[in-house]
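Structure incoming, see below.
Labels for the chains are A, B, C, D and E, by order of writing; each one numbers its residues from 1.
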Amino acid sequence: MTVGLPHYLVLAAMLFAAGIITVLTRRHAIGILMGIELMLNAANLNLVAFNRFSAVGKLDGQVFALFVIVIAAAEAAVALAIFLNFYNNFATVDVDQGNELKG
Amino acid sequence: MPTLLTLLLLVVALPLCGFAILLALGKRLGDPLGGYVGTGFSFAGFAAAVAAMAAWISSSYGFGYGVGPLVRSFAWLPIGEHAGQRVPGFLDFTIYVDSFTVVMLAMVTLISAVVHLYSLRYLRGDARTPIYFGRLSLFGFSMTGLLLSGTLLQLLVFWELVGLCSYLLIGYWNERRDARMAATKAFLTNRVGDVGFIIGLCLLVSFVGNTTLPDLWVMLSPTHQTAMSNGLLTLIGCLLFCGAIGKSAQFPLHTWLPDAMAGPTPVSALIHAATMVAAGVFLLIRIDPILTADARLFVVVIGAITIAIGSLCAIAQRDLKQALAFSTMAQLGYMVLGVGVGSRDGAGFHLLTHAFFKALLFLAAGVVIYGMHHKSRLEHYGGLFRRMPVTAIAFAIGALAMSATPYFSGYYSKELIVAHAAAWSQLAADSGRSGLWSLALWVPVIGAYLTPFYLTRLWMLTFTGRPRDLEAFEEAHEPGMLSFPLVVLSGLAVVSGFDWFPVRSMVDSSAVETRAQVSALTGPASPVNPLEHDWPSRVHLSMPDVETDTAPTSTEAGDDRVEAGAAQAAHLTHWAWLAGIIAGVVIYARGFALTERLARLSVLSAPREWLRHRMYFDDLYRWVFVGAARLAGRLIDRLDRRVIDGLIDRLALAYAALGRVTASADDLIVDGVVRGVSSGVLTSGLGVGQTQGGRVRVYVASAVLMLALTVIGTVAWAVLR
Amino acid sequence: MAAALFYIFAAITLVGAIGVVMAKHIVHAAVQLLVALLGMAGLYFLLDAEFLAAAQLVIYVGGTLVLIIFGVMLTSHLGTRLMRVGPGETAIAVLTGLGLLAAIVTAIIHTRFPTPPPSVEPDVTRRLGVSLLGDYLVPFEIASVLMLAVMIGAAYLARRRPKDAA
Amino acid sequence: MTGGIVQIPSASDWSAIGVETTLAATLVAVLIVPFFARSQRGVGLVALVGVLAAFGVTLLPASVSTGHSAFFGMLIADPAALLWRQVLLLFTAGVIGIWFGATSRAVPVGDAPEFMTLLISATLGLSLMGATSNLLLLLLAMELASMPSYVLAGFRKTKRHAAEASLKYVLFGAVCTAVTIYGLSLLYGSAGTLDLGHWITATRGAYTPAAIVGVFFVLAGLLFKISAVPAHFWCPDVFEGSHVDVAAFLSVASKGAGLLLLARLWDGASHFATPMVAGMAAVLGIVAVVTTAVGNLGALRQQSVKRILAYSSIAHAGYLLSAMAVLPAGRTSLLAYLVVYAVMNLGAFAVLAGVERAAGSDDVSAFDGLAARSPVAAVAMAVCLVSMVGLPPAAGFLVKWKIMSTLATAGGAWWWIVASVAINSIISLVYYAKILRAMFLRPSTVRQEPSRLITALASVCAVTLVLMLIAFAPLEQWAASAVFWQAPVQTP
Amino acid sequence: MELLRQNVLFVLVFLPLLGAAAVLPQRTGKSARWVALGVSIATLLLAGLLPLLFDSARAGPYGYDDVGGVVQLVRRLPWVPSIHAELLLGVDGLSLPLVLLTTFVFVLAIIASFKIEKQVQGYFALVLLLETGVLGTFLSLDLLLLFVFFELSLLPMYFLIGIWGGPRREYAAIKFFVYTFVGSIAILVALIGIYLKAGSFDLVRLPALLGDLAHTNPTLAMTLFGLLAFGFLVKLPIMPFHTWLPDAHVEAPTPISMILAAVLLKLGGYGLLRVAWPLFPEQALAAWPILAALAVISILAGALCAIGQADFKRLVAYSSVSHMGFVLLGIIAMTPASMAGAVFMMVAHGLTSAALFFVVGIIYDRVHHRQIARMGGVGATMPTYGRFASLFMFASLGLPGLCNFIGEILVLMGVFSAAKTGPVSAAVPAWAIYTVATAAAFGIVLTAGYMLWCLQRVFLGKPKEDTATLAPLDSRETLVLWPLAIAVVALGVLPWTLVLTLSDTTVAALLKVLS
């Protein structure tokens, strides 16, 4: 059996699931961010695989993936800055500690 | 004709002017002056009425005495003309004048004038006299307006207005609790009767679309095309009669009249003896043509019961005015019964004579009360003949007239009624009715025995014997200004029964005029005068369930019966009269002495208490109706506040609670569902005690969970499809 | 050969990913993430996306991951080990993840994606560059604005404020 | 379009991006100004001028287009995009006004340029969101809108609440973004194109399972921007934690952009009468109903006006989504409501900003006796709130009416949504009335009154609302004319 | 002249609004008062022109005057063209009496408000705004516009009760607001349904446009009618939707109570006559048993409730519930007399209830409570006042010669004749009509009961401690009482000339629509 599109897609889905689980099981803000990175990578894998197998001719998928990488970096930057700010105010990065706003 | 109409309108307008002036300037006019103004206007009204009467009798315009009534309609509330109302103009303003109206007008204005005059003295020194005379003038306006009314609606309007005046005048001394209670009671009791009147009126409007009197007579007669079933007509008749029950203090709405004596005595004389209370009878006479035999039976029963109650209670009253009030009730019962047994003329005649002698009695009683410093109980009186002879004689004349003493006015009128009652009961016997029907004769006859008895009692206890309250007796006096009206009325109480005096003749003539009017309305082309068989004649006999053409209701047969009845009645009432007077003299010759002794017999004390307490009707009504209304009011109010508002408030609470639960979508979904499911279901026991988790993570979890469920569901659906 | 490579890289990626999920220590997680990202880069090579593979290594591994580790170091002198959730929530999370995975996999299996004949075209990197300044000019510029905004924002937040200004 | 040659953008391409260009220039200007003048308000002024200039650009004839695509299908220039830009820019100008009136003096020295940079770059992203259906640009625009917003939410960085708000916002947002990107990748894969317009016309309403997953994932991201259930959780917390001007900005700009984007996509897709499309409509309807209910019920027990307005914005998202569900018929109502919603929210937030500045609290009790302190502001606030309830004499009544009548026209099960809107209006009355009561029925507790600028801004909003009721026709025509242009299907 | 005819209604409606705008910037309360008074008098004078411009003899169909219909002085301006909503004003015999009543009562209420000291400018601005809302409701012939004005009258009332009210004003204001808002929402939903089916908001043309809805979709028609009727019944109010009324009245300041009772309740009755009935006559017939039961319950239970009240103002408030039952009864009977009676009853009740609330206000100003039990003998300490009060109370209990009697008797006559003629007779068995009518007639006794009992306890007898020394009526109070007294008597004596001649042709036209 040759390795085709479904293989990549399933692998991406697994990564995505891993990302989701990571997000949902972490209280550490940066841990959550890592989960998000996993999800983004899953998307990227999809994009590249689709570009390779089902949308040949143009490089849309790869360009998209490139931008996603950029976005991921940007997001990480913003998120980390915010975590840092949170840490400055709460002295922790446990997101569960941020529960003063509610209702 | 213009003169006549002008005069009639003047009769109505003059008191209104008096009222307006007194209302506007009363305070400035002050005590005697305001009274003079009111009296002046009332005398002017009387003059106009007399002039109108003269004009009427000599009229030659196609209406007038013995010719026909004067009917004038003006559009007042032409509702629904554009909507194609079936009978247009059903809410017209109509003036209907026949001889009866004219003589009533004269009577009312006369007594009103006399009472005004009397009141000037009676109320001297009261700072509020302008108000009093203003209210009296308003009454004069309302009563005369009532008499001129040509439609039942208009009648109702003035009917209520006289009720208002009655309320205002009974409650004139409103600082007295009994006075203001009596006023309210009078108005409310009347309103109960009026509801019947109004319903009847509305039914009439609903079925024939008209309330104008002559039109009604025509339309409701059996041959007319809008004829209604007998049952419905009976119902309408009874309902309209309900109004009269209230206004004329008939059983069961009679309780207000004795209480109404809390008002000033001249007021009692004018309103609660002579005029307003008779308005019920006036109404009955007006609707007499449309009363069916069954309705008449109802009227007879009510009248008879009232005669019995009034006469019996009058015996036991210790208050002069109250006793007279019950006697008024009884006499009104006679009139009502008279209409019932078919003696429209007798009723009208008795109404007029009664007005004179009853006003006389009240005014005489007023002199006594005034002379005795407003003590009205018989215990304080005795031997007053010496102090106030004119009054005593006037009272005696009034009493004799009322007792149906031959050659006094009451004799003629009451005799007429009793004669018809005898004829009616004979008719009942002929058609195989039970003996109970003869009570229609026996009750008036027994009443005719009781009337002289209690009047003698009153006269004896007041004017003879030795004074029981010496202190008051010493100061007792009779001012001349109060005596003058007594003299006038005494004369009328005697003469008004005679044939040459324009009372009986006027009443009789009104029947002829009415007939002429009905003929005119149905038109000469009409083959049959709808009222031909039985009306109008002096005799109007009918019996429930008896076919009109077989029963002896034709004029001749009826006349025969009445002739026979009159003989029988004369026979009975003469003895009753004699027996009553003798019993009165014997029992009360020595004041209360004999009655006190008799009362010790327990057999007699119980009925005496029963009668003295007016047969406990008042207490019954207070318990049942007033109590019930207040209780219901309180209950419904509570219902309103507790239940309905409570429901609303509770809804609001539930709403808020719902808000609280759902508002915290976070709490519910997050801590409830997620944590609840996780800790409760999956790892039972762990979650609850755990430290409260953070929120944003759970937000994410909830959102992802919902998304996941949706996606899983949809994919499953899409794939399976 | 390609299949074998795929499975190797896939295994590396998955191991890294699962490592990230399971890691107890945040730094361990970061290391596992690095493994996963490296595996990904390998997969990109397999998919003829050499430039992307390089970008993955440079930007992701060299930039983002370093940033993350900086973050960890800046904030984690407190306890970092115990920041996990309770077993109940973990179960929910795992179930959610696996449920989603099942749904996605089912969807993928039941989907017939367009399969044009594969054509390997050369010059991927060059063509990428051209399209970034051609078709994708606007996104490219927008991305630059985004970077600017992010830079300013992140700098603003991370900057220490003078005491008196608070 | 082979990859070999770099194509040169034409003039019409540039006209499609005029607003964004202007905003970018403003961005630069804002960054440069501090070098010349260290005035906080100067920076604000520059930003305001820039935003207004961008609005001016929208009024140029060149900006008006019946619909064309630009930059190789990346952008769409059509009346709807223009309408959105105009609303957005005016609204942003209003937000800057709020900033002037309530925030500028409190901003620490040197922070204004950052604030304005972030605000304008977010505006740029939001503006683009309304003008694209390309998956990539769509994503970038969303991110450009989101990331500055994350920072803006925590802009008062020494405040614990602000830090918490931005943390929550960024985490929630990042997860949603990740989900969205994954969804976008699936969409890309299922038709091999990045242009969603093409994608929709190519699929013709029949979606593969993978595409369905993708659609839902993308929808999740859009619902996050719209703050609709289930992605609404962030909204109240972030509003409360961030400053009023930011909250105001998020309430309309962010939400509106999401709505417009969703409307653009859904408008194309809803033309096809397939079970899938019907199911999508049903999903949107359910989301709308639940969102409305959650928003209104959530607001009931709040004491913070900011939170009330946050929940109310969720509720309004629900109303808007109700109209969204019945696209294409609901387009006019949706856009008209969006316009009115922008005005009334701006007015309400302006007064809130003024009150919070004066009283130091956003609690309902801070509004006590506002009518006595500043009758004009109170009346303006009242008009805005009444408009939010959907009562005359404000335009909120007519636009809510339009939504309800549109739904009713659709008939059938949509009547349930009419009922939902009606019932929710009743519920919403309770919490709006709470503010009204505080303003008018309670004695005043503080002395200070909102600044003139705030009062003026709120009054302008109130007057506009009343005028829009009286002269509803122009508004309606504007909304009706704002059609979504659809690229013609290209044969491959 | 033509200019006047074209614009008079718009000017009339918006004149108070302009007045409100003029009142707000006044520097002193005093000038605000006089400006408000001036504006309201100007409005009254302008409204006084209407009977001159209005051709009451024109007997045409229920349509616009350009085709000879009864609706006159019509002016239409475009508003929301896409849904055919217009700024459409016009006047006919239903609205004209109510417009006259409104302008009249507002002048008196503003005079009565001269004592208000708190936030005077705002108060008078709101009162004038309210007047615009009410006049707009009465004069709008576009359903949507009518609804807008209907709602517009809601908010000022909320504030007027809530800011200037008594101790529990917040509760009362919010109760009033929420209650009537729920009703409004019902109306709004109905509005949508009507528009969808008819494609128009033109009230005069809607009956024709909706024509066969009753047959094509009876469920929808019934639902729409139910929603409309509910909305207006709450406003009327009819038991069991009435509980906002006593609270609102008790807490509202005197002039606001006057307006509330005299004018705002009429919005409900007017809505029924103008909207619910013409649009859905068949549904109205189908709902007859329920509506009739509600009307009778309102009449009787309202009166009984009034008997049970210890608070003077609550008593008067409940009397309103009872009287509004007569209005509903008159409307549902659908005969010329009953409809005329309902219209007249609205006007008459407007006068008597305004007067009675003012009477309550006068005594409240002096003794600072409203407990009947602690009053007594007021007639002796304030004779003129006592006389006025008695007049109004007798008017309220339906004494002939005063205005309420005409309304009650016409309604009763109309209901009885409904058993024989008109659409109701065909749909409802006669015994049911007679039962309802008879039960309603007994309301007259109960009305007399509570009014007289109250009169007796408050005005008669010896003065009690609280009422022993009272300041006599001042000139301002007399100025309010006299016009009301004159109107109460005049309408009782000349009901046709003053009111019903205006409404008769319209009622006739409306009845053609209904049957």
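Throughout what follows, a contact is a pair of C-beta atoms (placed from the backbone, for glycine too) under 8 Å apart; a residue touches a chain by one contact, two chains touch by 3 or more.
This structure is a prediction, so every number in the text was calculated from the model and none was measured.
The minimum number of touch steps linking chain B to chain D comes to 1. By the document's definition of touch, common neighbours of chain B and chain E comprise D.
Ranked by distance of CA centroids from chain B, the top chain is C.
Chains A-C form the pair joined by the most contacting C-beta pairs. Relative to the whole-protein C-alpha centroid, the nearest chain centroid is that of E.
Distance between chain A and chain B, defined via averaged C-alpha coordinates, is recorded as 96 Å.
Between chain C and chain E the centroid-to-centroid distance comes to 71 Å (mean Cα coordinates, whole Å). In whole angstrom, the spacing between the mean C-alpha positions of chain A and chain C is 5.
Averaged C-alpha coordinates give centres for chain D and chain E that are 44 Å from one another. Looking at chain A, residues 9, 16, 19-20, 23-24, 26-27, 32-33, 44, 49-50, 54-55, 58-59, 63, 67, 71, 74, 78, 81-83, 85, 94-95, 98-99, 101-103 sit in touch with two or more other chains. Counting only residues that touch two or more partner chains, chain D has 3, 136, 140, 143, 147, 150-151, 154, 157-158, 166-168, 171, 175, 179, 189, 192, 209, 212-213, 237, 301-302, 430. Counting only residues that touch two or more partner chains, chain B has 663-664, 666, 693, 695-697, 700-701, 704, 711, 715, 718-719. Per the contact rule defined earlier, chains pair up in contact as A-B, A-C, A-D, B-C, B-D, B-E, C-D, D-E. Within the complex, the chain A residues that touch chain D are 9, 12, 16, 19, 23, 29, 32-33, 36, 39-40, 42-44, 46-47, 49-50, 54-55, 58-61, 63-64, 67-68, 71, 74-75, 78-79, 81-83, 85-86, 88-90, 95, 98-103. If you check the complex, the residues on chain A that touch chain B are 20, 23-24, 26-27, 32, 94-99, 101-103. Of all the residues in chain A, the ones that touch chain C in their complex are 1-3, 5-11, 13-22, 24-28, 30-31, 33-35, 37-38, 41, 44-45, 48-59, 62-63, 65-67, 69-74, 76-78, 80-85, 87, 91-94. By the touch rule above, chain C contacts chain D in their complex via residues 103-104, 106-108, 110-114, 116, 127, 130-131, 133-139, 142-143, 145-146, 148-150, 152-154, 156-157, 161, 165-166. Interface residues of chain B, counted against chain A in their complex, comprise 663-664, 666, 692-697, 700-701, 704.
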